[in-house]
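Mind looking over this structure? Questions follow.
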């Protein structure tokens, strides 16, 4: 059994992590901390957990956390990097679901997150937790940066094309759409039902924090800095990301469908759908799964990739469990067998 | 392992049954029949099942079904009663998710479903599969009538009051609200997104088929025919039933909260919430659970019970698995541990 | 032209009032005040008003308001009663869309709104602005209390029965359902899209502020204090109220359909639908209309009334314009001709 | 007064047309035909029209239609072209809201709509009814082809860039998102609430009928055949189109914001928003308006245009009224003053 602690955990990523951990056969959830909710039963805040999780939120306490084998951070950006160093020194493993360890370059981190990075040495050793790219490094990592939701959908969709050098890397477009839970359980005007439902809009056009993260992942695969336009949109639904990816084709002779199937053949959580498929976000609702379809529309010059995930599962808590399974030598899909919920 | 067959299974009850059966450790799904979809892969119709269910729909075949230990009928009303007799004679157990075996009185059945009942003898022996009422009988039943979704929510909510004789049985009101999946995966105008979303309405006011079913269950508990007004409403969401139940209190001295807690203390799938609670349908989304709260508003003369279920789980496919577990002597909650999905 | 001012106006009632006033041919909108948004263009906050309303929000100023013929208060409860006295003394007419002048009894007001009423003398002269009940008094009123949304739907639905003495006044039940905009444009957790959509729940069961308001209206019509159980529910949609009303019938010989039709025959904004009708909230979306249907379900002992309005129009801003038209001797439907938006 | 007839009118475009015509001061609606609904009152099918439209649907009759000054066709594709010739010969003016007269090339029409065009001579004289492009021609046209919803949003968004030659015409991308009402009031599986809500997907990737229509409009403006990738998506909401348009910039020195403002300065129904704006579909809900914002994201090489309309208003029925006003010399905005409904 893995002794697990959670820091934070009152947001949507947190409750999803709790739901998944409650069903994981090798996890012993020992502690969950929250300053604002200390003393409250977890199941009082989230009644779906009644009868399944008996813990109360507690004040953050180093002792309780260092007694764990693994600590998940489900905190706002900038929190984990301040607490992680002391935990790391005691040998605890860390999976950060926020952004603190995602960008390799501390200066770029500072530019996008507005403060200097608090533990550059640990950042240097942290592993970007996208198993389909970094599985081996995750096995031995002490600190894993769980990827962002948009980056997961966009990277898994674009990477085979980039890795094979089949497209013009300087004119990549990612038109991405996310359900509202991606904005978190924060009390904000624009995510009220009366603001966000029966409505559709773009946001973050001037610069979204997932843009440098995606660009970093694509550039690593390309061996050069790619040119990426990334426009996120808010969809009037709770869960789901749909990324529609466009790239000018360099070589129109390759069997791209086959290439994608080969690339992901052994991946338990990436499903390359048959030719002509149109992946639906609901097909992965609640499931740790990315479904991808590849199309070349009539003009023949642009390849279009459709990639869907549940932003809270493969885009957050599920991927975190997948990373945990890898870090602790468990079967990668343990506790992650849930099937997407239709309808 | 239980060898299981499904007749029907292309509707929402069917896909939910498939999703749950795919995660049940003691089930071997052998056959699923559908005239309209014969030859098609199940996972083609329901892409959430890709990689999890490899079967194709087949033409209904007596041989394939009689080789099963248990056959679920997820067919339109009036279908099971014509196929069940020959299966029963070979010893196969049956759980009917439609209405064919729910009403004890064949004449009442004919009145509400518009044709004579096709197997009155089997109807007489069939057991109404509400485990919280009929657990012992279900254990030995060959044919189980899985309850309707509204009846499950309303009966579980009202029964403790009726059983204890605390209310005026002649003035019961059930104001019930259901998500649209209760109407099934039928192509009908009024369940189009553009008709049913951003809208709220009552329906079935002149007489809904679940009314006699609820009245039957309440009258059995009361030992007399109850007076029940039942008004269902359509809620612009996919899953969930919320029943708001009203009854004139006869005795205002009883501790009703305590009485409900005692009544359901040992039930794995009924959760009596603390005083003052307001159960939310989403707290049971995807879960085989009924959550109940009891209130006595200021006037003091009327008791109000709030009861929520997921109409496709505790109101259909989940309850069917619960009945299967009971019929085959398995742990009642096997394969039914999923936690409600919030958000 | 009526010179109109608005105090508040940054909430949903406010923007709806602006939308309606912008289309009213006899209104000259002179000033709209908001402490929090002073200096901002109205159309910047609400881009639907771009090109139609050029005003900026200003700091509340007595001078600007006293120059108006009519001031609407679209402020939180407890604000209007502090500002109204000085305006009233200068002869300005007032329509308060909040609750400050709705309850006749200052002590009851204090009990439900948590502070003493600030102008009991004005309260005594204020008129409850339900035109179908108080049209004559509204014509000559200086201060009109615009009714709450639930009270509008419930009163219009129940009043004919009560007025005719056809039901048992001591066992009235109002099971009401409201879209989320009824909660206002406040930044609160429970009205986030991810909390309120795909979900249904009751709320305010221990006592909702509209309960005494409804009881007051019904009791006036009954000539005695009625017994009312009122349970509001939150519907995952933006606009609309559906009230399902239950009352034990005293006299089952009366033609209730005919009685309702007679009662509302001359009302421009109450539509008694044909027998068997099921009013939909969307049929009045954006329209100043109440649609009502009357049913007597099979048991024959309980009458069921279904009443729908758009909570922001007939339940708030539209009714306020209707009151304005009456107060200023205009045609009652002027500026209120918009048709419900389907789909 | 214009004597108006409607052929069809039982779909969403039809009911929206009825709603708008009922509020138009210069329209006398004389006849509305529908084979399937003949004899039924319009207001029975669409209860929002109760008290406002008293007509019944009638069987299509040449006499009744030729007595009109103008006939709208709100019929399935391929219907109008068979009925229009006889009407045209009697001098009646025609606005076709379907696709029969949108593509200039009869062969291309046949290729996309699957049958030969039935009146090539009339097609040759028909005018594409996008007032912002063809206002003068519409004034004198007898037959106007009302544009498709996607083409309206995409053309209005792209045209200034194309007309000025500022982008690489061979790599245009239109990632478009539509509410479900765009699919019409047809009873189909994929537009059921339980299929389309809480879900997001692309569709028509292999070729959507609006693709040649958009390409035709862009190519006319460009003076050459453009290269366009067009991917439509289904948004879980009722109304609204959001087009996100991408084009490689040829000239990065131009003030594109200013250029858009100049281009649309005198247009009553196109609103170029201030720099940095993110148009929301709800800001035009129910309104005959297109709102556009122009962005150049960090990379600097790609221009992004955001364009929103209500698919049933500026994308269908509203634009049809706008064309009617132009054809009959009325003020262009008559009857089209409705403001978008927020929330």
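Order as written gives the chain letters A, B, C and D; numbering starts at 1 within each chain.
One rule holds for everything that comes next: a residue touches a chain if its C-beta (ideal position, glycine included) is under 8 Å from a C-beta of that chain, and two chains touch if they have at least 3 such contacts.
It should be emphasised that the depicted structure is a prediction, and the values quoted were computed from it without experimental measurement.
S.K.: Go through B-D and B-C and name the pair with more C-beta contacts between its chains.
M.R.: Looking at B-D and B-C side by side, B-C shows more C-beta contacts.
S.K.: Going by average Cα coordinates, which chain is farthest removed from subunit B?
M.R.: Chain centre farthest from subunit B's centre: D.
S.K.: In angstrom, rounded to a whole number, how far apart do the mean CA points of subunit A and subunit B lie?
M.R.: Roughly 36 Å, centre to centre.
S.K.: In whole angstrom, what separates the CA-based centres of subunit B and subunit D?
M.R.: For subunit B versus subunit D, the centre distance works out to 45 Å.
S.K.: Using the average of all C-alpha atoms in each chain as its centre, how far is it in Å between subunit B and subunit C?
M.R.: Whole-Å distance between the two chain centres: 39.
S.K.: What positions in subunit C touch 2 or more of the other chains?
M.R.: Subunit C, residues with two or more chain partners: 12, 181, 185, 194-195, 197-198, 236-239, 279-280, 282, 285, 343.
S.K.: Can you list the subunit D residues touching subunit A in their complex?
M.R.: Residue positions touching the partner: 170-171, 173, 175, 177, 179, 194-195, 197-203, 205-207, 211, 227-231, 233, 235-240, 242, 244, 246, 248, 276, 278-282, 285, 295, 297-299, 301-302, 304, 306, 308, 343.
S.K.: Quick check on the complex: what are the subunit A residues that touch subunit B?
M.R.: By the definition above, subunit A touches subunit B via 12, 15, 19, 22-23, 46-52, 181, 185, 198, 238-239, 271, 273, 277, 279-280, 282-287, 291, 312, 337-343.
S.K.: Going by the contact rule set out above, which residues of subunit D touch subunit B in the complex?
M.R.: 12, 180-181, 185, 187-189, 191-198, 236-238
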